[in-house]
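Paired with chain B in one complex and with chain C in the other, chain A is shared by the two complexes that follow.
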Partner chain A sequence: MDPITLLIILVCIIIGGMLGSLGVHLLPVGGAPAAMATATGIATGCVMLMTGSAMTGLFTASTVAAFWDSNPSVLLVSLSGGVGAMLMIGFSMFIANLLYIFGVGVVPVSGQVAVDPITKEPQTEYMTPRTSGHGVPSVAYYSGMVGGLTGGFGGALIYVILLSGEYAGFSAATAAIVALGIFIANAIMAAYNIGGTIEGFHDPKFKERIVTGLTCAFIVSLMCGILVLITIETGALGGVM
Partner chain B sequence: MGKEEKKPKEKPTLSFDYFNETRLGVLALVVGVIIAIVPFSASLPAVVKGIGAMVVILWGADSVRKTAGHGLGTGVPSIGVLAVGFGLVGATTGMAIGSAAYDKVGPIGILGVLAGVALMAVVGYVTGVLANSDKFIGMKIPGLERGMAELAMAGTLAIILECSIVAGTWHLDDVIVSDNSISPVAFIAVIFIMVGFGMLQPLNSSMGADERRGRTLLMAIEIGGINCVILGVVTVMSLGVVQGALLIMLGAIVWVIFYRAYVKACLEESYEVVGTGLIKTLGG
Partner chain C sequence: MPVISLFAWMLVIVSLAFIACMFEDLESDIGSQSNPNSQIQLAPEMGYIHRYFNKAISGEGLSYALACTISGTIALVLLLRLEPTSGPKAALLAIPVGAAAGSILYMIRASVCHVGREAGQKRFEQPIYLDVLYGHLVPIATHNFIVVICITTIAYIQSNLALLSGMEASAASVSNPFPLPLLCLIWGITVGAIGSSTGDIHYGAERAFQDKPFGEGRRVVYHGQICRYGDCGVRTSKDVVAFCAKFGGPATGLTFGLIVLFENWRTVIGMMLGGLSETELVNPDIAAGYGIGIGIAVGIVLIVLNTWLVKWTRKKYGPFVGE
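The block that comes next holds the complex of A and B.
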């Protein structure tokens, strides 16, 4: 394959991996404390949230990609992956909020900011003492939606660039599993970077750690991308439908 | 109290004292590699590959125990899923290199599959450095670099072996374009979570005070058995009844033996057990 195409594939894998990492940093991940409603966010780990939404994104992306015979539109398929992931994370946050509000009986409130940066609603007064927030407040919800969009877009970008006949030309299943592998490696490095919990872009942790997270995502995606390029160069996978 | 702590001694046959972390790793790597590079012309029966997959999963679970025992902050599952995530990329690369080399230079090209394992070890090591180094994430977990390299290798080998069980060989012509009734490549998604489950679940369920290596690893072998049962069902459809039935039998026997051993170890080593009646049959 000519070097320009290989370079485009490598760059797209790196961009996809970095977008996935950015998406994880934007999600409202509560972890174990959120299970007791003593921290803001959804009560599970980054890995489950991001893998769940990215896989939904891959489903929508592969459905959209099936409308083309061999060379799907990269932008449209990636965007549809983003929309799928966004819907999934949106539903997760909505159901989590229903449980927190009507089941546990707490007000969704951010523990990291005194005033919601978007809606300007006061936060601190509603927070139960000795907790660090509960539920998914508005700002975390917006942040999570953007996170789902970027993460899903990144995952679907890797998928479509590996699937498209113009670029790598893998079969749909192979493209999906390779995209999933690269995406998961990046999502977990991002999860380690934020130490398990984060509220979203308004969390001070986001500013502190985002550069490190993206650097790691760059290096991990670069290495995985080189492996994928070696795979493409062997020709054992190319053009198989 | 001092006497009670000696209790674990009573199961010498099922302890892993001789196979410490390094020996177990070397054994699993050697077994996994040997089973992976057997020539296609004399393809090994699925049962032998099943044993290989179990040993490799055991190694992965041991590496997870070694690294996640210090507390990751994101839960044990993350590192097990990381191992299989790397494994997907590494296995695809390894199988592609191996298949291309086999087609070009003949049977000796089978060794090409090891390139995937070796490359993944490098990626895993660099990832471990990134995660542990103060300049980057700074997790400060002793031995994380080695652990991640081992996990990446174990994940890659496990996925290659399990693909090979389902498809007959790991040659991509068999794995991707197959005239079998079941397309093995679609099954990789299930293999992904089964291998991940085998690596992450032992520590995830056994961790806490008084976690003992011998007991945790019993569960890894048990999940290896479950893997073999599920793979056996698929193998019945892809390769035929004989291969599949043998694999299911092996898996079921391993599952029952190690489930009993694990539950017995739990019952014996705990201070007191108040049964709910669910596992009464084991004499609890």
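The block that comes next holds the complex of A and C.
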């Protein structure tokens, strides 16, 4: 395979991985405390949530990629994946809010900012004392939607670049498994960087740690990308590629 | 006619998705899996000896991905073996057998996990109640079976959608290109992630702390102080399910149902606008573009709905009252 194509594949894998990591940092993740309405965000871990949403995006991306015979449009397939992941996160956050409001009886508030930076609604007076917020407030919802879109776009970008006959030319199943592997590696690195809970772009933790997170994502994606290139060049996957 | 069949199959998939995710959440309530498990695990340390079932095989997404993938793999092996002789009827045997294997293995993991965790809490004088162990394993396996059979059926329908809708071979792009076990893995992770992120709130924040004041987040000082008594006698995890089946479970099912509905709906509408016929898809660019456009429109509606919901709640509930 010619070096320019190999370089494009490597760059796309790195961009996809870094977008995945950025997506994880943007999600309002509350972990186990959020299930007890003790912390703001969605009540599950970063990796679980981002992988679940990226999987939904990957499913749609795979269906859309099958519209073309061999060379799918990279941009349209990636966007389809991004929108799929965004909808998954959007519905999860919306129904989670219904449960917080009608099942637990709390107002969605942020524990990290006194005033919502977008809607300008005050937060502190609505919060239960000795908790760090509860539910998914408006600003966290917007951040989560953007996070889902970027994460899903990144995952689908890796998938389509590996699938396309113009580039790597893997089979659909192999491309999906490789994309999933690279995506999960990046999501786990981001989860370590976050260290538990994060509310989104308005959380002070985001500004503090995003550079480290993206640097780690770059290194991990670069290593994964080099492995993929070695596989392509040596045909290490044999006849199943 | 095939396009109408496509929509009909899409609605079958959505119904199955609703049932699958609802039972996934209820199963996690019986076994105290996922996030609220932290409270069940912490309770004996706080002096709260309980009769809840205590298992956390792993995160819900991964444990369901494993159960569904086992089911999908066994179903695929049976399909490859039986389809040449029996045709599509082979699915009637292959899918339930695969799901049964997946759920039996899940039950084994649940039993080992519960006994191991409870044994580890001997230092806090938490006994292993054998009636709790025996009494919860069958509900865990049956709820899990319903999830796994629904997910395997969804994967089977999606990987054979063109054939089932009466499309010709040249319109094979209607079917998903992934093999059955990979689709099971994808939907297994997703169903677990959604069950963990939405349904757990009703159990963790409300049912597990029902003796604490309603209408406030659970303060850190309450952690581990779970509610151990039911309407009559000592509460077990089976009582949790009866409560969560009235709101948390169906709401979780609705989440997954809506996600699958809108994901498939926007793709199929896009395909129709892109000139889908019985034989081919004329314009893939337009099909994909319309799918993306509809998805973004649904996303904007969701943002507006959530913003309105938060505003309405703030107005209705008002600031926090109390200490």
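The rule is short, and it goes like this: the second predicted complex is superposed on the first by the 234 of 241 C-alpha atoms of A that agree within 3 Å, B and C clash if a C-alpha of one lies under 4 Å from a C-alpha of the other, contacts with A are read in each partner's own complex, and residues count from 1 in each chain.
By our rule, a residue touches a chain if its C-beta (ideal position, glycine included) is under 8 Å from a C-beta of that chain, and two chains touch if they have at least 3 such contacts.
Everything quoted here is computed from the prediction, not taken from an experiment.
Overlap between chain B and chain C is detected when the two structures are superposed via chain A. With both structures placed on the common chain, the touch criterion links A:I177 to chain B and to chain C.
Within the superposed three-chain arrangement, the count of touched residues of chain A is higher for C, of the candidates chain B and chain C. Applying the stated contact rule after C-alpha superposition, one finds that A:G45 touches each of chain B and chain C. After overlaying the two complexes on the shared chain, residue contacts for A:G195 are found with chain B alone; chain C is out of touch.
In the superposition on chain A, A:V220 makes contact with chain B only, while chain C stays out of contact range. By the touch criterion defined above, A:P3 lies against neither chain B nor chain C after alignment on the C-alpha atoms of chain A. Contacts of A:G235 after superposition: chain B is touched, whereas chain C is not reached. In the superposition on chain A, contact is made by A:S92 with chain C only, not with chain B.
Judged by the touch definition given at the top, the superposed model places A:L79 against chain C, while chain B stays out of reach. When the two complexes are superposed via chain A, 131-139 is the only one of 5-13, 41-49, 131-139 or 275-283 in chain C with C-alpha atoms clashing against chain B. In the superposition on chain A, the residues of chain A touched by chain B in one structure and by chain C in the other are 31, 45, 47-48, 51, 173, 176-177. Listed in rising order, the residues of chain A touching chain C in the complex are 31-32, 34-38, 42-45, 47-49, 51-53, 55-56, 58-60, 62-68, 72-73, 76-77, 79-80, 83-84, 86-88, 90-108, 119, 121, 125-131, 133-134, 136-138, 141-142, 145, 172-173, 176-177.
Residue ranges of chain A in contact with chain B, taken from their complex: 31, 45-48, 51, 171, 173-174, 176-178, 180-185, 188-189, 191-193, 195-196, 212, 215-216, 219-220, 223-224, 227-228, 230-231, 234-237, 240. Put simply, chain C touches chain A in their complex at residues 34-36, 38-39, 59-62, 172-173, 175-179, 182-183, 186-187, 189-190, 192-194, 196-206, 208-209, 214-221, 223, 247-248, 251-252, 254-255, 258-259, 262-263, 267, 271, 274, 281, 284-285, 287-289, 291-292, 295-296, 298-299, 302-303, 305-307, 309-311, 313-314, 317, 319-320, 323.
The touching residues of chain B, counted against chain A in their complex, run 72-75, 77-79, 81-82, 84-90, 92-93, 95-97, 99-101, 103, 116, 119-120, 122-123, 126-127, 130-131, 136-137, 139, 172, 176-177, 183, 185-186, 188-189, 192.
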